[in-house]
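Two complexes, one shared chain (subunit A), two partners (subunit B, subunit C).
Presenting the complex of A and B:
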């Protein structure tokens, strides 16, 4: 009886698909399905990376296809690391990354904390705050360029109204001291909602009973914030910092649209320098070496940061 | 059922037939690549005559100036077949010739009896020759262009302003003959109220991204004594690029930027200059001559309100102007080179060149520009002729792009951002340019 049942079940169970396809095992079929994706990945991600590594050791220039390509060894790397302008661009990038992350984290977390209070209309305000993040950077860049315009821009008029300084004196994009801040302001305006969203997810993940227990222990609001809210939300904040850090290290579109790296080279971040070398000066080998250096820097820093993030999560 | 089948077959054959006819009609269509600007629209109009005469259709690929070099140099470098004909910038000639992007036109010119002696000499050197000053031709001069100035004739002729100016500076307010005079006029108008509006002295080139500030600063530097290299020793730049006179020229350009430009004009090139002039913001406006036909027709600032003048003289009396403009070339990767050469032959014709000028293009043909009626043909015609007689061009070397990027950075750092001195900027430029020529194996 038992044997008959087992036979019935075995007959009813469909044969593995692979067995129906002649000579291909299940594993083979899996590889067959996954191989187009792997090939695509190799073609558009891995091959260019290795190609760029190869080019970084040569004097290749994309606009001189007839020229003999010479192997330069580490000369491109040596030249980049000894180039004062490259270091200035790296400093400028670090300046942007530091200030944008600091402001976006502070404002984003504060907004998330306020929204988490669930006051009347909080859903409406959440949606409204998210609007800048949904816009295209090209639109945002052009929009703010007009706002900063010293003769007709609203930004200059508002500052002039508050400070009493004539609006034409407030030259956000032309002034060496103000231009970096003009970009920091726009990036903060656009991406603070993103940080806010991640922080909000962190705050909403804190179980209500922990606060109730703290209330029973008569912990003050400040104590609750320092001992419950912040430690539990910290991994989320750190995650937001990681995402924004990587993004802002590569910041290009906003700077290109607002100042183009100017005035002079005041706002020339590493990505702008890289673009100029690669697509304006056509130093393909040199710019490949620069791109590899930037990649290694971001990858290394992100790795260290992820390790720290994991430690915080384990606490 | 039968009638339905017939109808279906009929429709299908009509569709197939029309596609075949359409393909046949467009088989010889040529694509001409250029920048998207007013002269390009004039060329579209002009080219209709070519299609009428030859039956060869013309398609156009116009790209805004900001992407013009990127887009078409990428196309040429990748041996693309998009463009059969290209009107490429003057600086591209060296690279395009050495990398085989353009068809060499000497044999074709000989066969069709097109003589380069029939064209304005500066345009032949600037747009057609590589190496420079040798009879190797890669383009036909197509669009003559040069940096010059427009001014608000109506403001200049206000009696109260003329009186005040004369009292202040001791000479009659009018188009300046020297850069010092230009600065005095610019200072005079800066932040002045005219017709209830605050106006400014001058719009000059300050753009950082492509070539703007270099074209503007060079316009001054040439007349102050800047030279690209030692005339007796190629690529020897020390003491020529950074000569004391060149330093004074760059200091002057910065002083002009600081004293007399509209607020926020730190990244201004052709388009921004036109906007500043058209909106009545500035008394004077530096720009390429191609902008003049459009400004002349403008209802608010054109007609009797606008005047033109040649780039002024430097302190030593030297007078030069930055060359713009382009030649038309046949792309060596095109499958339709024969038809493209037909277009070049047609374009070189005197009547076509005369019509080109009348439509708003700038002809480089002597027969057109040396016609006795030419100077009076447009209010700006004489200024154009005078300007073309004093032109100088930026390096046309195959490495012109990094050479340009270096000058863009050095000039913008000093003029707009105020970093370092003019001497630092020009010394740095010698260093950058030397490195580029060393990389090229030319030094």
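Presenting the complex of A and C:
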């Protein structure tokens, strides 16, 4: 008995317990533990994805299920890549991703850097700052529509009060050049805390002795910031940019509720185009092709980015 | 790496601390104003809510909450006088506007849908996620890294893109606009987060606990049940709250795949219309009620927050 126990422990240590337990091998158990998740994902994610790939080669319309489905080959893909509106939507999306990430990273990092100073009561104020990112983007977007109302909204009132511009001319949601910014402002308000939190983790990961050494070398504060703080925090900042980038590439809820893509199509991001094509024009095949292109784009960009991130981490 | 341990030896001077504190407090106060405004609006009357300049001091009223939970019809003062004394607070408030309560509104059923779908999907996601996380953490799974990346990658898909085939699939299976369909969908979306987070938590529990239990004669399953699960409770609870918050806040799938019986609160609240446009006090009331659970969870979760929002990629 003692021998067997010793043997078990010995076997258990590096490659734990590769033995049979009451009839079920560890391999079987592993499969038992993992398969429900994999099966669910196959049913709800992979099967629909393949269905979408199939549909993307057809002229299927979901509102006319009885029509004969024709195979179009790559015609949908060709049309999308040649469609001016699609390119405009992609540009609009890129514009949003660029500005939201730039603003959120700058403000978020600055906030984290300030909080890192541990002033009195910082824990409370940090928690308060985190609240906006926990809310539902849809509910928040809808309410910001109220704040943006030119005649009655708090936002236009404050801007009018500060700048002296009459509130009726602060048409955040219906002015062609302001509408994109109305969304960028809400997104930045909502998600800056997210970037801040990740940056804060980065700053807190810097070991004290590095600064001590820098002090001994009489490095200036500025020098310490550029050669210690920023490089060590960089992988964290990049991680925040990755997550925000993926999310904002898919941005739908806030845009749909704030402007619905308008005025005209000035705020029509890719997700809104996709929704219009799929659920308003019912061009299911065409929109499936667009969806696949978007998915490949996110996937590809994310992969390239993760490689860059790993390089930075290894430095 | 904790959010609360001090690190800097280059101790910031008291002055710079004070400036930093002032900026942070100013930012926090400004960023919280929209939420306070929602809260204040929920206690305004419809005319007060659209007054210009915006009213900061106002006579509080529960009309917004009455409008949220009831449907009302306009009546003549004579008819209202003939009804006899008002029953209850809401009735009285609504009658002041020459209206009577016609019946309950759709808000409560939508709110209940949100509860059922959010809790249902959270339970399933955490259940499946715990099993898988344990599997990935303790067994040699072939292609484990690829499978884990596959699980994560299901989050890259824009919701609208998956919504098309899921819409068709649900139509075939009779799952459109059902709570079950939404629970399955949110479970699938959340399980990726659950597996990644829980794997991190379970990895941190020493294997020796199970090994000791198994030497005592427990089977692998019993060891999992009696030693790993109790140790992982905090992690499981944190994961559950993250899943709950996601399912609670989700809008895109809910807006595209539900229209009536299974609709949740996020797509419903923006549709609350009063006389002559959006009934902002009612919308604000709905928003306030909807936000309260999230605020509670934020405070409970603040220590785990970082892990949750980064899929555990950044440990705390």
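Rule of thumb we're sticking to: the second predicted complex is superposed on the first by the 286 of 315 C-alpha atoms of A that agree within 3 Å, B and C clash if a C-alpha of one lies under 4 Å from a C-alpha of the other, contacts with A are read in each partner's own complex, and residues count from 1 in each chain.
The rule is short, and it goes like this: contacts are C-beta pairs under 8 Å (C-beta built on N, C-alpha and C of every residue); 3 or more make two chains touch, one makes a residue touch a chain.
This one's a predicted model, so the numbers in the text were calculated from it and none came from an experiment.
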Subunit B versus subunit C as contact partner of A:108, first or second or both or neither: neither
Partner chain(s) touched by A:142 [first = subunit B, second = subunit C, both, neither]: second
Which of subunit B and subunit C A:281 touches, first, second, both or neither: first
Partner chain(s) touched by A:180 [first = subunit B, second = subunit C, both, neither]: neither
Partner chain in contact with A:171 - subunit B first, subunit C second, else both or neither: first
Touching partner for A:262 - first (subunit B), second (subunit C), both, neither: first
Partner chain in contact with A:130 - subunit B first, subunit C second, else both or neither: second
Touching partner for A:62 - first (subunit B), second (subunit C), both, neither: both
Of subunit C and subunit B, partner touching more subunit A residues: C
Overlap of subunit C and subunit B interfaces on subunit A (superposed complexes): 62, 149, 151, 279
Contacting residues of subunit C [partner subunit A, same complex]: 1-10, 12, 16-18, 20-21, 23-25, 27-28, 31-35, 37-38, 41, 49-54, 128-129, 131-132, 134-136, 138-141, 147, 150-151, 153-169, 171, 184-185, 187-188, 191-192, 195, 207, 211, 214-215, 219-221, 245, 248-252, 255-256, 265-267, 269-270, 278, 280, 283-284, 287, 290-291, 294-295, 297-299, 302, 305-306, 309-310, 313-314, 316
Interfacial residue positions of subunit B with respect to subunit A in the complex: 70, 73, 77, 79, 95, 98-100, 208-209, 262-267, 281, 398, 401-402, 405, 409, 412-414, 416-419, 439
Subunit A residues within the subunit B interface of the complex: 59, 62-66, 85, 149-151, 168-169, 171, 173-174, 176, 259-266, 276, 279-283
In the complex with subunit C, residue positions of subunit A that touch it: 5, 8-9, 12, 15-18, 21-22, 24, 26-27, 29-30, 32-34, 36-38, 40-41, 43-45, 47-49, 51-52, 55, 62, 111, 114-123, 125-140, 142-144, 146-147, 149, 151-154, 157, 167, 189, 192-194, 197-198, 200-201, 204-208, 211-212, 214-215, 224, 236, 239, 243, 246, 249-250, 252-253, 256-257, 270-271, 274-275, 278-279, 284, 287-288, 291-292, 294-295, 298-299, 302
